[in-house]
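Notes follow once the structure below has been shown.
For reference, chains read A, B and C in written order, and residue numbers begin at 1 within each chain.
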Amino acid sequence: MSDLLDNSIAAITRLRRVHPRVHCITNSVAQHFSANVLLACGAVPSMSVSEDEIEDFVSSSASLLINLGTMDPGRTRAVHRAVAIACAQKKPFALDPVFVQASKTRLELAKEIMAARPTIIRANRAEADVLFDQSNHCECVVISGPEDKIINENKTVQIGNGTPVMTQLTAMGCSLTALMAALLAVEDDAMVAAAAALLWFNIAGELAAEKSVGPGTFTPQFIDALATIDASTIEKRAKLLWPE
Amino acid sequence: MSDLLDNSIAAITRLRRVHPRVHCITNSVAQHFSANVLLACGAVPSMSVSEDEIEDFVSSSASLLINLGTMDPGRTRAVHRAVAIACAQKKPFALDPVFVQASKTRLELAKEIMAARPTIIRANRAEADVLFDQSNHCECVVISGPEDKIINENKTVQIGNGTPVMTQLTAMGCSLTALMAALLAVEDDAMVAAAAALLWFNIAGELAAEKSVGPGTFTPQFIDALATIDASTIEKRAKLLWPE
Amino acid sequence: MSDLLDNSIAAITRLRRVHPRVHCITNSVAQHFSANVLLACGAVPSMSVSEDEIEDFVSSSASLLINLGTMDPGRTRAVHRAVAIACAQKKPFALDPVFVQASKTRLELAKEIMAARPTIIRANRAEADVLFDQSNHCECVVISGPEDKIINENKTVQIGNGTPVMTQLTAMGCSLTALMAALLAVEDDAMVAAAAALLWFNIAGELAAEKSVGPGTFTPQFIDALATIDASTIEKRAKLLWPE
């Protein structure tokens, strides 16, 4: 457990030093906020969703985010090409099957992408319920909720950080998955990348909640906290649990 | 008049308790801000503009917003399908004909949607001037301006709340119409839903203006005020007028 | 040099008085922030990317912004039509070839637009390196960096204002180019329009950095500073240099 924490902090430090470029195909609601989250954390986002450009952008990026919100036919084709390139180039990618329970089309698309084995899939409870009828879809599944669970073939870890105000803001889950994709650019162990993102994101959230009175004043403080939080604060506040 | 105020406050309280899902087809400039306004008010936004998904999303939502900004052919087809589903399922929907005076194509689209009788249409003066050559397009028309007017078949009410800084920010009108759509999910009387949205939105704006110095610092305070304002503050500050 | 400063301040004052409408074809990541930057500065943004509407919107606007992020086939056709209309109507336009170094398709598109001679092209160093193999593409080139350079046929001027935190936020360059487009609506001399935008934007950034601790708290202060900064502050803080 202390290994996981140490390795997570090392990954965070590495992301801030390396500044990898992460290509994000993400929904138009979350694009601006996700880009600012990534920049605050030291990554460089690119956000093209163009079928014609996606090969160039994915090939030159260090990792990939696929988020299934606000699709259209061109975006769907871009997703398929991006995933194919990531697989061919053995580039890590994270999948966010946002609102997949609300649309049959999206559920099919999610299953097609899962066949390419994303490195990380992050979903909330309702999304996970319709997706995970079988196992072994990816190296590592993250299920978000009041307590976040990270699950791989061998073990499960729970992270108890965070604050309820984060559920009152859009694009929080989407930008968390984007941060996981960024950490995959500097960390081979998917469970470490997921844990690092959750600790960074949720502890920054706790700090921001202490300095704000509602979801509006929370946001600027949150971005500041992502940019300025140090390793020792993460170490002190981390709530890692190994159930059983 | 005090009935309208009482009923508006009851609708606001209900929205915060029920957390209805509102499907929003809105322009890409306003998506992120509108989603945060809805979340701050207790509603759950979904934002797919995909032709293939729109039936699933609209069918499972409690109400619908149609905003005509940043259209493209796929989005236009999604709008038509969403409106058809809302009509078939007798689901309330609000229409925002943003910038309709600037484009003939948009004006035609607005008129087609008006033929399906939106529950509420909210427009500013310039938009209303090109749209309302005849009456009876909807249950309730809201015309925004320094003073906001709510008009139905039988009566007109004016609301005098608000602050000039709200005109210096994009997506304010768009997110106000989104809030009207959300209130239609918990309130059958369109005039009450419109009044509740205007009072909530504009009084939160007044509170935020008192705590900020410009449009930048206004925004976080505004989202906080939407999330935290209580019934008695709305009651005390409400400026309802029955002209004539 | 003091002429350039005086003329820049006059252009800023004029923009705040005239409230020109600027049509922006810009990427979906930058739309919301760019619209708020323009509104804070006194301009009125419109943001349609619809092929069917673009003629109406560009014809009735005072100037045009073309930004090449998040393209798709419809958006590309809208760009071509918008540029053709701007040329036919002798309307000024600014080009932002964002991330052009990362995609061959985008580079081709940028070159096609450059053939129509944009009034201003603003690029960062990496973008400029792939674009400017020959000269005479436009009236005025701006190359952003720690020091910003404005170059026309006869002279080069450097502007030394700004703050590093601006590089930690997305859409800063995009919204700066949007502000240049807005200033072209009230100022015929492209170099003056570019200098006015850079001084306004970067000095507002300095003021915001003094009142904030990170990129999150910077943003609200930045929008406030754009809206409230006065001529004498710009005059006092301006760092104009004529290299050579």
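Note that contacts are C-beta pairs under 8 Å (C-beta built on N, C-alpha and C of every residue); 3 or more make two chains touch, one makes a residue touch a chain.
None of the values given here were measured: they were computed from a predicted structure.
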When the Cα trace of subunit A is superposed on that of subunit B, what is the rotation angle, expressed as a multiple of 5 degrees?
-> 120
Copies subunit A and subunit C touch; is their interface built from the same residue numbers (over half shared) or different ones?
-> different
For the pair subunit A and subunit C, the C-alpha centroid-to-centroid distance in angstrom is 32
Multi-chain contact residues (two or more partners), subunit C | 28, 32, 219-220
Where on subunit B does subunit A make contact in their complex?
-> 28, 31-32, 35-36, 39-40, 45-53, 56-57, 60, 74-75, 219-228
Subunit B contact footprint on subunit A (complex, rising order) = 27-30, 32-33, 69-73, 99, 102-106, 168-171, 212-220
